[in-house]
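Chain lettering (A, B, C and D) follows the sequence in which the chains are written, and residue indices restart at 1 in each chain.
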């Protein structure tokens, strides 16, 4: 197995700036979230702090991009942080200082990048590190349809690989532990993964030696590429951006059922971020505005149960400093997190229009999640109940026992997540 | 895990009548193949003798069907063997006598069936065992596009399940050990698996208790149904009918790469039969006529290497009584068969236009298959060779050592299947 | 041009039993509608009385079919009327008597048929007129997915053409003037027109000599077959069954815009029936029950304006004997019907999210239809108004003048249909 | 009807530089072709001289483009001729001088442009004529996938329309009579026409008043846009680039059959250029090199017959100064050209695997083209012959009479183009 797949023996857990701040997060906000995570969440396994898209764009205002605007770039055609937003990036140190701050707290540091080379580099024909060739020589006439920053890189020529190597070296020098590469797992325009560039980035990470999680966006990744993703990445997105409405959540039952066979240590197919708590401060894509999640509490239990029994990475999207007790309880339930860490085999075992059932097996325990996907509170029917191979369930969210002879009521859009 | 998935702890191996006889095989021919298998192949693990399609059709002439012709059927709308072709089926004993013959040799007995209920039953509105309802009441207006025998069964009503139960009971009473259900894994007309009927048949097998392998045809099965197939069947076809030409063989590199994550004990995604040796006696689909396989020897090594390192079932398609030494050697190579039985993890690790590389791991050993898919004999290039994590390979087909410092030549359309 | 395309110099107008009675209409009901049409509508151009699907099925109950039920059939595998529903069909005269009744009123008589040969004929292997071959010899293993009556006919053999010839001869002997063939313009299963059978029926009509309109169902017909339909049929459906809800009506703006170039004498692409007035007496497909159309009055004006300026056939779907004044006014507006008969060139000339504009030209006049497809009453904006090449419009529905300097208000889902 | 559709009462005929020179044609070459056309072809109706793609690119070398290379551009973000290739373009006069040269010969002048605004303008954020807004403000993040010169223009803002107006004004000032707009009729990336930009260009042409033919590339145009194209353009391409091999030619029978109903004065669906005579001097796409057409003489007759009876524009692709007699004879057959100009209704009336038949009607004459699309010389079979509604045909290419009682032999891939 490729070395870098070992960097994620259990699914990554962390916070990402997108759901709150879109393309606009600032250094002080990142630090505030790192502080809270170190103080309250690290002991539960939460450790990655990830700066999402367009940290090179000084004028970013929301989740909408300013097309064709100039970005901060170094002499080798590599994007660097915009200093007006990340003051510690002065004097060409890039994200080194912010990385140090995060590491000092026992946490890990992640960044987002777009596949490719900046278009401004190509049209200015700037230099590439380690070669006489220049930006124009390694660029391809392909684009991301929803962001105008980059062209694709031609990795069929050695200088294309060299460019990606130079990027990963720079990130390693900053202390980056996690790289979320966007416009690569499923191109909305070319309708497939950009596989050659995935291989190039994967190889660059192997070469550089520093443990760095490789996370691929956006989804939906295509199932036919499943074994390819397993060989080259730690995470890959199963959906387009996930926001807080039931249709999107319900759709994840399809995605997770299809991908269950691909979950294993080193490979954690990604259900996307948790749009819970306080979100939308400067992100506008979700449609909910600057507000608390539109999911009901039952839907939040359901979401957390599906993500954890499936084995998705958990990237919290809400604000941390002002998190409320209920949301915090979702992130810190020891029984659920134990299941999450220990399950080695999981599977959707039943589905009809009203009920979905998953089973998960760890070395010592068996878990079952009974999801009520209908629009009314209902009692679990006999044919579903008989899938439970035992006499009682311990409800992991509420600590209550459910005996087989009882009626098991599950709320609409809710879940009974139980341990046998 | 469902009980009946335990019936196939290793991939099933056997002989099937299709590639030789199409829809026309006769009892004496089946017995002759059973005799040979018991005498020469059983000790290598070959054990299933499978009677393929249309054993109810007295006038079957090749792989082409006689549309709308009457079939032999019992009082409960169940097809039974045509006695002119299977004389032991007299007096309503069906395949019981043939099954006994095969079992007496230490072998196992398999049959092919079409999804559904005979159209002749529906238009005559005949009886269903165990209910007052009749054929018309459980039939659906859906068909197989390439065979006119059956209508689909409505398993949303209890009598539909009852009909499938009555079929499986009948087959159990005959001593059937292996059921190949056709027009079900991928409908050429409805472009998906007939999932409800798969579940119904799977449940009928679980109920009846007799170990019976469930094999689903035809392919290509859709990857999105991968976990569904894993839960309900032992084998499912990855391609449409496979015959002896390079394009079809080359295409299997795509299929196997995509499906590798789904191979595990109980679940053996099926690359289809081995059209090797003497085939086409009365089958006309392959296009080669009554003749020896059109694959070169190198292509045959390649085929056997891919099927075995992947973990496909092996169903030999050629005649057995007059098999030649070379073909026999392909079926009886102990080193290859040990790899086949023992590998627990396998993966395509490299692919370009000229080379494909697979790795397989058993508890104690590591295997590598280096396929030359180009049109010329070639030396394995350095970038491929460096994938081999060792200093030498033992060529399993020829018993020769390949040292890392040597040049490794592989024939066009050939393979180096090695153990480290 | 093929002779039979001359049978429809202007778009056909009539009544069809489907929207009221589904598969169940009875002879007395047909006659009552013929009586009303002769008395009140014939002078406006309405002349066809069409008996829709399954007049051979004695037990038909609604728009839902009884799968696999026996149908009335003659000795030559041809379906004939069920006498319990059509008492005049006694003694093997078929629809001759009903046809005579309708003709005596100065009207024309139409019937619906399904593509193909009855499955019951094939499984009983009954005779074909004029040949030794039998039903099994000319049947194909293809079906209609929503009705279980027929198999396709193999017109690549002469006896297949002979069967269709024998059908058309029978209908000519009954005095049929209009044939609506179903499951042929767009197969829901095979995703194309059954072209060979269209050609066969078209040729059979040419041979028989009697003027018979050929109408093909269901839609949506594929545009790529446009010239093919022009060469072989008088009408072909642009949509699946059309019922009384706005989404279906709004969708017709796409269909008509794409097909406008194919409208010409002899060829009248078909927007489907007019589900107006009292419908759903025994038809359940529309979802509205036994009730009055769910279209608002404005939507009805819009519908009639689009159908007429485009040149679609007009087949009224509501009951006639109890028709109300408003609905009757839609069918008998002389100004609109003059436009309908005389326009020789028509075109969608503008479309945005709120407005759609069509223009039509007759030899002497110019017409414009301004459709408000938004959800609010609105004033026609300047950029739309400037498309009108004149200084005033005469509103054809209300007889009112619209001067260019005035504000032109159009109701939501309504229309201003004007003559310059 | 829109004014500019009147600019093409008969299908346009001319010469285009692409098949010979790819993106590289020079002024002297254009003039040499204009000289020949004026001297030898103008009297037969050939009049347009069209400079194809990338006349702004000083370093263009073939039909392959130099990605991201700088182009010649004026102060208002508009591309202008590269002076090293077009010396008369000095002092900012653009193509005015070349246009004058061509007009002086009685010919008309055409140019090729790409949809959109130069990417170099957007990344330099240059000026737009008549507004304070700049290139970045009107550009869209969409591209042509096979050429890296341009971004799309946002015509939803007035300044986008203004930019297209400024382009057309410039071309009018140069005396341009014909504009071939590329990457617009069918985007290979977005899989539809760029309709908004087509409307914008169409409107700009109407505004400017100068008669300019609007030709849209590349194909295959989608049939669903047929009426849209009829309303906005004079020509639109039915295929991707057409070169000299039989498969491409055979495919045109599908295209022309589907589009026949859209041919009419002002609208000439475009079968693409005639790759006849000496082609490929510096164009490499066709694959034939610098050589004479790979079509056989029979195939050339067939091609010319299909293009003319269908009514496609004729744009000759070969060199003119060294044209041979046979090729010249294809362009100057008076009988064929009369048919071409006069036919008002045309139609494919028959097709099987060996024969295709078209009929065309002018006011006074009837034409028939019998194409032998099989691989052997054959005699026209009776069922095809009976489509000819007369007793004899005059073969337009060879002036020979074909009597109905004779055997009509047609060469493989050849044609009998006859007048009744």
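Here is the rule we go by: a residue touches a chain if its C-beta (ideal position, glycine included) is under 8 Å from a C-beta of that chain, and two chains touch if they have at least 3 such contacts.
Quantities reported herein were computed from a predicted structural model and do not represent experimental measurements.
When chain centres are defined as mean Cα coordinates, D lies farthest from subunit B. In summary, the interface at C-D recurs among the listed pairs A-D, B-C or A-B; the equivalent pair, sharing over half of its contacts by residue number, is A-B.
A separation of 54 Å divides the Cα centre of subunit B from that of subunit D.
Note on chain placement: the centre of subunit B and the centre of subunit C lie 50 Å apart, centres being C-alpha means. Per-chain CA centroids place subunit A at a distance of 40 Å from subunit B. With centres taken as mean Cα positions, subunit D sits 50 Å from subunit A.
Among all residues of subunit D, none touch two or more other chains. You'll find the chains touch as A-B, A-D, B-C, C-D. Across the interface of their complex, subunit B is touched by residues 223-224, 226-228, 230-231, 257-258, 260-262, 347-349 of subunit A.
Touching subunit B in their complex are the following residues of subunit C: 67-69, 119-120, 122-125, 136, 139-143, 145-148, 189.
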